[in-house]
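In order of appearance the chains are A, B, C and D, and numbering begins at 1 in each one.
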Amino acid sequence: MALDKIGIAKRIAQEVKDGSYINLGIGIPTLVANYIPDNIEVVLQSENGLLGIGRFPYEEDVDADLINAGKQTITMLKGSALFSSAESFGMIRGGHVHLTILGAMEVSENGDIANWKIPGKMVKGMGGAMDLVASAENIIVAMQHKSRSGESKLLKECTLPITGIKCVKKVVSDLAVLEVLPEGGFKLLERAPGVSVEEIKEATAGKLIIKGDIPEMKID
Amino acid sequence: MALDKIGIAKRIAQEVKDGSYINLGIGIPTLVANYIPDNIEVVLQSENGLLGIGRFPYEEDVDADLINAGKQTITMLKGSALFSSAESFGMIRGGHVHLTILGAMEVSENGDIANWKIPGKMVKGMGGAMDLVASAENIIVAMQHKSRSGESKLLKECTLPITGIKCVKKVVSDLAVLEVLPEGGFKLLERAPGVSVEEIKEATAGKLIIKGDIPEMKID
Amino acid sequence: MINKVVSNAEEAVKDIKDNAVLMLGGFGLCGIPENCISALLKTGVKGLTCISNNAGVDDFGIGLMLKTRQVKKMISSYVGENAEFERQLLAGELEVDLIPQGTLAERIRAGGAGIPAFFTPAGYGTEVAEGKEIREFHGKKYLMEAWLQADFALVKAWKGDTAGNLIYKGTARNFNPMMAAAGKITIAEVEELVPVGELDPNYIHTPGIYVQRIFEGKNYEKRIEQRTVTPR
Amino acid sequence: MINKVVSNAEEAVKDIKDNAVLMLGGFGLCGIPENCISALLKTGVKGLTCISNNAGVDDFGIGLMLKTRQVKKMISSYVGENAEFERQLLAGELEVDLIPQGTLAERIRAGGAGIPAFFTPAGYGTEVAEGKEIREFHGKKYLMEAWLQADFALVKAWKGDTAGNLIYKGTARNFNPMMAAAGKITIAEVEELVPVGELDPNYIHTPGIYVQRIFEGKNYEKRIEQRTVTPR
């Protein structure tokens, strides 16, 4: 059975390394924070100027001057630090943020990502996404494998305006975990529980590489 | 009679405008701070990271963590601000410091300045001088008109390695106040008390422009 | 010292003329110069170019200036959900220059710091790179980007002193410090204006050298876009 | 969380190998990593490239490492009065790269912020510009300068917490914050190491993300080069 959003978030949480600094995009990536194992400590960066994002505040502690990049009210943690947007993107561009997890509308087999614009529809702007994908050493994409109309979103080439090229290292979809190989191609690593290799083949328009037995994901 | 160092500092102090931000070089320029009129308030910048340089500390207040660019112990004033060297030179390069007063070994008639290196002798480095002369909107040089051996230091072209080109706006020497014209040439504005135009002519190797009567400096 | 303190927002913005280039601090509705925006609505100045990470919402922030058609051009990274903005953009009434957020922040920082151009990897291989110089350094491709400067920078701080030194609070800092440095004239509105000497020099976020005018703002609304809470 | 706290300078610098590129914070003798320098004297590591605004004095700071001939190359803006330095330079035993101070600060800042190159007016028309790309922007000439990065950045702060957040004091801040960001491994020595949560997040000068190792230094000498006082 295909994973729901929480399933995807739980699986991505397994990728997180102890002591790392992480930027989480809006949507499923934000949920990842809830499923990081207790023995793993990470620091979440908010590109509007905070290291150490805490939980949402209690009603009486809501502070309009403390929000995340999704404009949600948040809290700080012990050890948090505040800074300007220039410093924040200095951190990102300078490779100090180890891992970026973000959503995508399309990913190509060479690691290009499209997630900021649909021509003809409203253009909201790229925000910090282009800086993040051009800079982070590790980029994991959380996405649905297919569009609502059933078309693959893991493509040979992106059809939408791209956000960055050759940057996605791994994709965790509702159907599978895939590594984007440096030489191109989606290497199938794991299947969602109950999802067959055939289903993943059918849902993947880009080059899919299948070697040996593909295990099922282990998700609590 | 030629001015002494204090005389030069006093004359330069008359150039200082109320409310301006100023960087003072080492030597005579540092003395200028002592002669700024009481009705004029300025903020002195120290390029190692301080706006608002105060007086030297009392013996018991000496703090090794509070020095100026000449490595002298100093104090802060009400309204002082501390910052990094990158921020400090951002201020300088960005044109936020209105006036730079510094010493020179040579100045040319088109406003080039040489003050950082004597080939064959010890090279100490340019410190912040090249940034300052490339950036400040107004640069006033405090210097002796002639070397100890009697040679002019106001030249057609600098003979020493230069610090910056076409940047000096005004020279206050022991003999005269001179404006460096945009089209080139030292325009004589004032004579030191008792110094004749002839003496200044004799001491100036670069193009000297003399129009009308040249008044004596007024120094208390 | 020339007095930097002005009595209110109206006095601070009164010489902002039609077609001026403005920078406005803030991220979303957090740390925006609410008082200055209100005052600009009153002066009715038109043809403005607004450099700001976002464009406010329909009925707050820069969104208010869009409604009154005072904005000719927006330079932003994310213009969010804003119906009036969308209408004007689709009708060709509004120019929009969308810039990656880090590039926007760095271009403004460069404007204040006297760096006319720099190289960044953001946007390489995308439509953002069109027409820009591409250069390879250490095996990676970068775009050349130019500084941004403004006739007036409108910033919002938590505390400020009469010398123009500013301290921001929380994530309301965001774009404000770089903009303060990149404005030919920088107007700071603060929640609390204190006498010089009350702020610790070691914890100043924006040194007073960057600020030409300062005033204590009034009636801060500090609207929240996404009020997310943890239930007790 | 991976533990960033090490017990002392010896442990912090033990994996610095011959021919490493180091950055050392400080301006003159103000804000220099005294403990790390002492530890490097003990390990005897050689062939170092030291990026530091100054080179210490004959018997303190980097000057001590010059005496022991551990430094192959200095990258500085001002190397001041230092007899051993002069002797080694004239004897061709020491390479020296002199850089305008603002360019040095900005190159280090660029190294930490992922900006491989930028343009600055400093040094145009001088020997500093030799071999560099010159570009005109808005009628003024600029040089292209490259980022600086280091294998290890050794910085000195006043207070630090176990997450690596740092606060500097007075003008001892100087080059330390940019270097902290530009080191592949950044070692921070602090006068006071406090538990996480004790430093106000709003007044952190160097966020902990830049710091890989931190320890509380000992026996700070904080030597003064020019003790100038106002008589009572």
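In this text, a contact is a pair of C-beta atoms (placed from the backbone, for glycine too) under 8 Å apart; a residue touches a chain by one contact, two chains touch by 3 or more.
Just so it is clear, the structure is predicted and the values come from calculations on it, not from any experiment.
When the interfaces A-C and B-C are ranked by how many C-beta pairs touch across them, A-C comes first. Centroids of chain A and chain B (each the mean of its C-alpha atoms) stand 56 Å apart. With each centre defined as the average position of its C-alpha atoms, the distance from chain A to chain C rounds to 29 Å.
In terms of their C-alpha centroids, the spacing between chain A and chain D amounts to 36 Å. Looking at chain B, residues 50, 82-83, 86, 89-90, 92-93, 135 sit in touch with two or more other chains.
Shown for chain D are the residues that touch two or more other chains, namely 106, 109, 113-115, 120-121, 169-170, 202. Shown are all chain pairs that touch, namely A-C, A-D, B-C, B-D, C-D.
Of all residues in chain A, only 18-19, 21, 41-43, 45, 50-52, 76, 78-83, 86-87, 89-97, 135 touch chain D in the complex they form. Within the complex formed with chain A, the chain C residues making contact are 27-31, 53, 76-81, 86, 89, 96, 98, 100-103, 105-106, 108-109, 120-128, 158, 169-178, 205, 222-230, 232. Residues of chain B that touch chain D in their complex: 46-50, 55-59, 62-74, 82-86, 88-90, 92-93, 112, 122-131, 134-135, 161-166. On chain D, the positions that touch chain A within their shared complex are 1-2, 109, 111-115, 161-163, 165, 181, 196-197, 201-202, 204, 207-210.
Interface residues of chain C facing chain D in the complex, by the touch rule stated above, are 106, 110, 113-121, 135, 137-138, 140, 142, 146, 167-170, 202-203.
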